[in-house]
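Below is one structure, written out as structure tokens; the observations come after it.
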Amino acid sequence: MAQLIFKGRDIYYDVKGLGKPFVILNGIMMSTKSWEPFMESFSENNMCIRLDFLDQGQSAKLKSSVYTQDLQVQIIEALIKELNLSKVSIVGISYGGEVALEFAVKHPNLVDRLVLFNTTPYTSPWLAEIGYKWNSIGRTRDGKTYYQATIPAIYSPSFYESRLAWMKKREEILLPIFSNPDFLDAMERLTNSAEHYDVRDRLDQITAPTLIVAADEDYLTPINNQKYLNEHIKESSLVILPGVGHASMYETPMVFVSLVLGFINTKQTSYQV
Amino acid sequence: MAQLIFKGRDIYYDVKGLGKPFVILNGIMMSTKSWEPFMESFSENNMCIRLDFLDQGQSAKLKSSVYTQDLQVQIIEALIKELNLSKVSIVGISYGGEVALEFAVKHPNLVDRLVLFNTTPYTSPWLAEIGYKWNSIGRTRDGKTYYQATIPAIYSPSFYESRLAWMKKREEILLPIFSNPDFLDAMERLTNSAEHYDVRDRLDQITAPTLIVAADEDYLTPINNQKYLNEHIKESSLVILPGVGHASMYETPMVFVSLVLGFINTKQTSYQV
Amino acid sequence: MAQLIFKGRDIYYDVKGLGKPFVILNGIMMSTKSWEPFMESFSENNMCIRLDFLDQGQSAKLKSSVYTQDLQVQIIEALIKELNLSKVSIVGISYGGEVALEFAVKHPNLVDRLVLFNTTPYTSPWLAEIGYKWNSIGRTRDGKTYYQATIPAIYSPSFYESRLAWMKKREEILLPIFSNPDFLDAMERLTNSAEHYDVRDRLDQITAPTLIVAADEDYLTPINNQKYLNEHIKESSLVILPGVGHASMYETPMVFVSLVLGFINTKQTSYQV
Amino acid sequence: MAQLIFKGRDIYYDVKGLGKPFVILNGIMMSTKSWEPFMESFSENNMCIRLDFLDQGQSAKLKSSVYTQDLQVQIIEALIKELNLSKVSIVGISYGGEVALEFAVKHPNLVDRLVLFNTTPYTSPWLAEIGYKWNSIGRTRDGKTYYQATIPAIYSPSFYESRLAWMKKREEILLPIFSNPDFLDAMERLTNSAEHYDVRDRLDQITAPTLIVAADEDYLTPINNQKYLNEHIKESSLVILPGVGHASMYETPMVFVSLVLGFINTKQTSYQV
């Protein structure tokens, strides 16, 4: 539980464990707390670094500001410096995967390995439209509709149905949050910060071994996005999770953790087969 | 252009062409007009029967009523009788595919062949949630948000992007319709009429040769739904359209028409291979 | 049942039915007889033209010759001329699909529509190796091993198992044929005629509306081949048959016939959606 | 490099590294040496136990014997006892995955975690036919044909083509081995030992957390086999490797190693999400 001052703003972060360091970057609706269930594994043999992006969790809110994801990229750079690390692995999901990619194309030498879950290389017109919808509904302050408009696009139909009781409990937890104007405004700013995101023409600058994880019921960043990443990032491999949606870390937690720790900790990155 | 009086209500229908008859059933947002681009092909060697369901197009509106899809099923039965047909093929997409299935399990002897595009055997809790969202947003009367909440879930990301100009024109056409309270109220009633739809335990009653068409970017009635249909309908075959979404008839029109006409007109239904 | 003399050799062909003409081209192990189960449907409203390629069925054998598929292409050209047809649709499967593609890039103006089942745009080193195996085993004259080396690669695991009795009967029929040295030698020449087949850099010359049909358990010409065709043929659409293998015409006959007749007979090829 | 005497026969095995122990079980054509490229990673934080099955590598040959895979299962049991281990994780590929499954249903309490690559729950009639072909060709002693009959079914078309030079070098290495009568006879016995393999009705006895890895260009144990395992093993998860074939460990080595080490070493097996 620590704070970094970035351009006069508080950034909340947390470091746990000893070993090869990795930064794990939140999806748009997440916060450092979202990773709590995995921390026992993440910190067993690694230094796991979590942070709340600006406008997330306990970090500063940027009321009435317009910004792009590059601001979040700068925060990661500052945090790595603060921690005196020369190189880290970066793990990101969705919005966090986008920031991870932007960081990796800007600072290839700082990245040891890269693991991307449910990540797109750009905000397509189709995805932008979904963001506009989230924003429009957020402005109505109707938490229930915001839930209906976001959550069934985030969890797969397979998971939604097989874990219906869990989803209902989730709804109870989320409704008050989704009815909070501050949360909804922060969500709108975060959504807008990704509106023009596009790293497609810079993917060749990434040099780190990269694991790309797609989920075949991901309806926000569908599998074609991850295929594109796999075709354009040199040292990359693609893995597909069947029956899983956009919230892969909660839908298939043991596979999620295994992929993260397996890929960043494996000693060799090349094999004389 | 004709009218059927059903329980005192006007049902608008249209019959075009001569030959083996087939009824084509609209998706929830569609009307008889939606099929106009295909009518030259549909009527060349077939009698093509279109109709507006209750609460669609030029048929009666059921203001302040609550009903289930069984009412639509009864209309089809009445229409077949009106036209003095002993057996018809039925083609349906989405909502229309649901009504087609309900008709086929209720009146197996009236169905010659069945073609189902983008159809689910039941309204899952996940799909129901999407319906609730549509309804919530409809009640705000905000056409733009209604567009954002529905259309990107209906057209595939692939189509949306490769045909962006077409989508923009579509938006212009749809915005005034989506801002019309009567349309939005009718949409809510139609959505509600499918809320408890479930034919899973009656699929074995279908005897007609059945073609099930799935689209692998269909995020409303995903491919697992069509696999279920294929596993439970005796004489069924499954075909998958890659890079296509829920609006398959507009996304890949030549394949759509070929599948409809090929399957309902082929002379043999069994082959001595 | 008719004969065409091509460069002094007998070519056996057959014309059945009246209507829009289409030529259907055999896979490598097939002959005109292989289409018999479908002829009632194929000839109902169409003129269906079948032929045995050189070294197939009742056509001439080219003992001790070396040739490429271009010879088969010339035969089709001669046959179309013989029948006084100005334009035909062409349907091909596997080897027949390859000849169809070579014909279409050479004579785009003679092709009305094109339907390709289980077809690759080129003989990859991987596929060539499979051909060498077939040839090596053919030379042992051991029909049983030839059966084991070819048939499980042609029929899908799903079909093989669900239709085991049919497969066993098929084995009885095929064993004597596969033990016939003349058949095996002809198979070797046919296999060799495709060894250097590659139309990849000429696919842009195809102007006919084209339907490409892939089968997801096709282990001879896997789905990536059909995706390549779809990406490089201008007016093409791709359809996938799940749980089906390389012998799609026998594994899912009603879908096979529906796709052929639906696609070549549909009146419109463009739609004002 | 050590030897275990099992029923009077020498079994060659090797133990390397300290940490959580796992046994890695060879595919049919493999031996302990096949894992050499991965040993630096496998032994870094784990005790990695390799062995040659009977009729493999440096273990005893069972000339003129008929046996089933249960004999190999007994060897693993004996080896675990010899090493004084109370519980191990088991990793298997193909034939090794089959033995792993048979071991896990017989000794659920001895298995900590299970990782299965390219594994089927039973030898289907289709797969049996492929085995008969291998045996028939093996008996001709023609190494080149044996290569053509086996290797293109083991490596994916994608890998075969993108790594053509590697494949050619592999062919040079394999041809002398595939021309060795002792190797071919051992292969026949190993193939026959799996002829009646079927654990489908005992999969519910497996209690270990299980990772099932499918490869979508695996044409020997296709993806439907792994889906079956995933549906019937309680604590199992499925991961799909796109563009990869039956030899997943060599086609995508970094993913292979990451999945093995990630899954067997992750501290938690359940998560309070």
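Per-chain numbering from 1; labels A, B, C and D assigned in written order.
Keep in mind that, in the parts below, a residue touches a chain if its C-beta (ideal position, glycine included) is under 8 Å from a C-beta of that chain, and two chains touch if they have at least 3 such contacts.
Which protein is which chain? UniProt says A, B, C, D = 3-oxoadipate enol-lactonase.
Keep in mind that this is a model prediction, so the values were computed, not measured.
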Discussion item. Please identify which of A-D, A-B or C-D repeats the interface of B-C; the criterion is that more than half of the contact pairs agree.
Written reply: A-D
Worksheet item: With chain centres defined as C-alpha means, what is the inter-centre distance between chain A (3-oxoadipate enol-lactonase) and chain B (3-oxoadipate enol-lactonase) in Å?
Response: 37
Worksheet item: Using CA atom averages as chain centres, what separation in Å is found between chain A (3-oxoadipate enol-lactonase) and chain C (3-oxoadipate enol-lactonase)?
Response: 48
Worksheet item: Given which chains touch which, is the overall layout a line, a ring, a star, complete, or other?
Response: ring
Fill in: Residues on chain D (3-oxoadipate enol-lactonase) engaged by chain C (3-oxoadipate enol-lactonase) in the complex (per definition of touch)
124-127, 129-130, 132-133, 136-137, 140, 142, 144-145, 148-149, 151-153, 155, 157-158, 160-161, 164, 167, 217, 219, 222, 224
Fill in: Of all residues in chain D (3-oxoadipate enol-lactonase), those that touch chain A (3-oxoadipate enol-lactonase) in their complex
37-38, 40-41, 44-45, 209, 211, 216, 227, 237-243, 249-250, 252-255, 257-263, 265-273
